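Labels for the chains are A, B, C and D, by order of writing; each one numbers its residues from 1.
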Amino acid sequence: MIIAERKPIAEITRALAPYKNVLVAGCGTCVAVCWAGGEKEVGVLASQLRLARGAEGSQISIMETTVERQCEKEMVTDLKDRMAEVDAVLSLACGAGVQTMAEIFDDKPVFPAVNTTFIGRPEREGMWVEMCGACGDCYLDRTGGVCPVVRCAKGLMNGPCGGTRKGGKCEIDPDKDCAWVLIYRRLEKQNRLDLMREYCAPKNFRAVKRPGRVQAGKA
Amino acid sequence: MSMKGTIVAFCCQHSGYPAADLAGKLGLGSPEALRIIRVPCAGRVDVIHMLRAFEKGASAVAVLGCEEGACHHITGNTRAKERVEQCSMLLKEIGIDGRRVVMFRLSPNAPRKFVDVTNEIEMAAESQGRQDDNR
Amino acid sequence: MKSASRDVLVIGSGISGISSALELAKAGITVHLVEKEVAVGGHSASFCCKATDVCVRCSACVVPEKIREAVLHPEIRLHTSSTVRKLAGKGGDFRVEIVHQPGPVDPEKCIACGLCTEVCPVDPKAIHAPPVEATPFTYVLDQGLCLRFKGEKCVLCRESCPTTAVEFERKAKAVELSVGAIIVATGFDVVDARERGSLGYGRYPNVMTGLDLERLFAREGRLILPCNGQPPRSVAFIQCVGSRDRRHGYCSHVCCKYAMKFGGLLKYQNPDTQVTIFYIDLQTAGKGFARFYEEYKDSIRFVRGVPVEISEAASGELEVKFEDISLTRVSRDRFDLVVLSVGIAPRKDAWDLAKVLGINMADDGFFAAAESNGSNEASVKGIFLAGTCQGPRDIPDAVDHGMAAASEVLQLLDRVGARPAGSWGY
Amino acid sequence: MEVRAGVFLCNCGGALKNIDFDAVASEMAGIPGVASVHVSSDLCLAPARDRMISCIREENLNRVVVAACSPELTEYPLRRTVQSAGLNGHMLSMANIREQCSWAHEGDVTGKAVELVKMAISRARLLQPVEEVEVGVERSVLVVGGGFAAVNVGLLLAAAGLRITLVESTGTSGSDGQELGSIHGFDIGSLVTAAERDQNIEVLTSARVVTVEGAIGDFTVTISREGKNMARKYGAIVLATGSRIELALATDSDSSAEYQGIGGTNVVSQDQLVERLSRPASGVKPATLAFMVDFADESTRFSTLATLGNALAVRKVWDSEVYVFCRDVKVDSQGAERLYREARDRGVVFVKCPAAPRITSDNGRVMVEAKDVLLGEDITVACDLLVAEAVLYPDPATAALGSVLGVRLDEKGFYQENNVHLYPVASERKGVFFVGTCRGQSDVGRVMNDISSVVINIKDLLSSGKIMVESERVKVDSEKCVACLTCIRVCPHAAIELRGTEGGKEKAVVSDLGCHACGICVAICPAKAIEFQDYRDDQILAQIEAVG
């Protein structure tokens, strides 16, 4: 799922400085599951903002809401009737959500409250790790299901880089597993090690036009 | 009127709350500004409860749970400790002294510890209060 | 052997009596819990918490919880200030006569408001609040101080009581109960440290027993010298006082544990306090205890060899004379405070109850179990033993033994066809 | 439905002099939702309770706020009073104005009392009823393990009319009972045959528990036996998997390495010694014999008790010289001190040494060399037979089965987290119990107590076939739940599971039977989907709002 991380409060208060009535909008799916932008985090951020303003002696009135999915236009438009007395919107959704909110309510400034970081999974409670870089041209069939583009620090397509530490750890980050050691062990287990001998041409990262577009049902 | 100097204490019904009762029975003086909210376990208290108490003007917030290793719900007091640290970080981020939110662990038959802990919180909050006022 | 009644009598409301009563009540059985004192709980209710920054598993905090659960349980009938006078019938069908000798303050009516203490003319007050852990929290009248019991006509507390709970002359009342089984859980007496006169308990103020230390910690929360209220610089624990000797031929199970836990607490509260433990064999067995022992093995000084004499040095310190076996010579050491780790002894009035119930007593003075492997049945069919009245146990073992007694009672009632009704939730 | 709260203030016989009850009463009268205010002097006694019942009925109150002494001893009877007035027991909110207000401070505390009652009223407004329902439970118990404790528990529960399944991982039942049974003279064989003949007991040998779902009264367990999986329903689960006994020859590595070379027949375990003792005729009688105790593991009584018993047996049967090398003699068990005294009277020599002895071999005899504390010097004993120290280790399957059941282990790897509130036989998951050496117990007397305790615990729960339980006190709103599994991972009592809901999708569901009402899941749920009656977020925040 999409993993995000709350921005430092200083950045948020600086952006909101000129505004009096703020709508803080959370999103109920991905960012909620990774404890960054769900209903709970909306409450905590709103309370923190009120306390910060209180400490500076100025006032702020905050409306708190959480949209089921902020990347759905219809769900965001539902907030229409509450936008009248709002000066600015603070969205805790991922990049897609913030931009949908900004697009629907283009007369009001919309600020992000979280940094969308990667597509990943929970490693243990409260910690999430990147698994996929959405490069648009998946190689997982050739690496036994371990993605070197993202999980190898240098993104090598014909690894390992020879600097692997003892215990199969990455040269750059000692407590991170070297992706290519994982690939080797996985293929060894399925005795498909010959795949490692195939040379993999450099990836053309510009092959995929930005911004990406997927049309259901078309080639 | 904002409750200048009030201390909101979330007391676990297995440890903090009975300790407060014993302190009363022994006539040991705990701070008058203390407002005790009874919770089933320290693990029930969330960051939003602590922040809302500060928004309401509390000078300090405390979570009183069971001793480490004696929690009736095994992980309740460790969860509460993590959330208090998180709340303290959130306060530090906006310039309020992180030490105003504290977690203390005690057992139900330790009234003396309850009184020492709550008086310590009040003194810390007062000295901190003076620093904030003249800032 | 059809049972007339499926009620059960539990004698003694210490932690094991309470555990038996609770388990039987949860099985839907009506339990008559008879207690000699005004308050329920026995010795372990007044033990203090010995946690450092981590719980040391002394189980002292489990006791008040179980007491509260038992006092509130609808199936448990409390008979405080009562003793067992007569027993008739046999296993499955006993008729018991209980003597209820009510004290001046009626627990049913006293709401612990404290008005009587205010008006009491005597100082120290004759009528006052009970120890803080007492449940029910009924006020107590100390007849030694009260003018009324010295022949004067003082009625101030009776008049001031809003719920007419104070009545000076209350007659004893006999209560007849018919029960299917009896659990004896009358607990223990602490060994009187004066047995070892040479250790100076009672002569020197800074010689305390383990029980005194529990009470002091419960009240003060830290250790202070009885003579001047200052924290001690050096403390000695002397093990096996009244255990494993000619008069008490058994190990009391609890003293090594509480001595080491107190030692650990003292080192935690004030790391430069010197703690020394004099022992014969260190009993470090038990769930989770080894880790505790590892932690404090180096910071506490363990000396194999039990002191024989304590004398007061000129400086007021206590001089302890002991045979340090590892150095194989007699030596002397000085301490600010000495704690005698007194053990568990059979109750002095155990013989009276044994006569009434007709149960045997073992050679060490405790009640004798039918078989030797820690089973609960006493020498009389239908009477079961629970807790320290059958032998020394710590709190977790006492709870375990109490539940086991309740379990054997339930098996007896099942065998004689006394089906318990529905069960009360968990 | 409009909130009509009755506020009952108790001035404890007029003794709470530092609270002006009239001022408090007048302040409360004006608060929205308050229908009436009553001041009485002894709410904990019957007459005042009857007056409260009539008040509730006459003013048809739907909330009761009691400001009196601590709820520790009065909340439960007050709930029953409220119920007998026809109101749901959970519509009660209490303020502690005695121990935590009047007694806790000198001087006038009317202001604090007003605030405490306002907090209780603000919470009372948001209270919702919780029904108590009777839930049927399976009258069957799964006992895992085939040893001495397991078979005993099975027999006793079967006698109470419960259906028992005895699951034993090895081929034959009663295998691990050898050491415990043989040393202390219990014939495990007869117990096993009794179990097999009992029609309430089904013995499954070489079977393994694969998955456990559900909660107390309604466990669904899959057992795999000879490749096929069987799903079964149970009301409770008892783990009596025993422990693994290993011979710890010596702790310091150098001597044990050299020692391995000896092997051979003159080093035995306790039960091998018992076997030889029972066949005195064959085999040569050893002239001198040594035991090693309490070096490798100082936290168990097992090897000491076995040693005391067998040392006496050796003196009687073979009359050979017996030396016991130990650090401390563990005598804190029933009758252990008497055994120790009798052993010394019969000539057993106890050598107390600060560290483990060095063991070497000299043409077929075992040389045990150690520093004797009493003599103050090193001694060496040449003996024909050495009984090594037996150390209890957790059964190898403990960790795997522990995770299947969702229960934690203690720091030595035995079952049952080291938490005083679980002693003696409970686990942190309702309905799952531990008995005997698998939870670290090490002597027969205590194992017997464990067996009886677990029997009555289970009879309390299952013998009537139903349990009263508060239905949906902690409830997951399946619309809001995004099935992120956080609550399932966090629940310390494994009371939450993913289950299909009417909408078809699998969502988290809290089992009323298994829930301990602690609220840890409620606080951590990212989607705020879990509601916990009496302690909902809005009820806690309302109390904060009412302060000041």
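Here is the rule we go by: contacts are C-beta pairs under 8 Å (C-beta built on N, C-alpha and C of every residue); 3 or more make two chains touch, one makes a residue touch a chain.
This structure is a prediction, so every number in the text was calculated from the model and none was measured.
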Task: B-C against B-D, pair bridged by the larger set of C-beta contacts - done: B-D
- [ ] Please find which chain has its CA centre nearest to the centre of all protein CA atoms in view.
- [x] D
Task: Euclidean distance of C-alpha centroids - chain B vs chain C, Å - done: 34
Task: Distance between chain centroids, defined by C-alpha means - chain A, chain C (Å) - done: 61
Open item on the list: What's the distance between the Cα centroids of chain B and chain D, rounded to whole Å?
Closed with: 30
- [ ] Take the average of all CA coordinates in chain A, do the same for chain D, and state the distance between these two points in whole angstrom.
- [x] 43
- [ ] Send over the residues of chain D in touch with two or more other chains.
- [x] 72, 418-421, 490
Task: chain A residues counted as touching two or more neighbouring chains - done: 40
Task: Multi-partner residues of chain B (each touching 2 or more other chains) - done: 18, 25, 46, 48, 52, 69-70
Task: All touching chain pairs, where touch follows the definition stated at the start - done: A-B, A-D, B-C, B-D, C-D
Open item on the list: Residue numbers of chain D touching chain C in their complex, please.
Closed with: 12-16, 41-42, 44-45, 72-73, 76-77, 156, 159-160, 184, 216, 297-301, 328-332, 334-338, 341, 352, 354, 373-376, 410-412, 414, 416, 418-421, 423-425, 430, 439-442, 444-446, 448-453, 455-457, 459-461, 463-464, 466-469
TODO: Under the touch definition given earlier, write down the residues of chain B that touch chain A in their complex.
DONE: 46-48, 51-52, 54-55, 90-91, 93-96
Open item on the list: Looking at the complex, which residues from chain A come into contact with chain B?
Closed with: 8-10, 13, 40, 43-44, 47-48, 50-52, 54-55
Open item on the list: With touch defined as at the start, can you tell me which chain D residues reach chain B in the complex?
Closed with: 70-72, 96, 98-100, 103-106, 109, 112, 115-116, 119, 408, 417-421, 428, 490, 492-493, 516-520, 522-524, 532, 535, 537, 540-541, 543-545, 547-548
- [ ] Would you mind writing out the residues of chain C in touch with chain B in their complex?
- [x] 47-49, 51, 53-55, 57, 60-61, 64-65, 129, 132-133, 137, 218-221
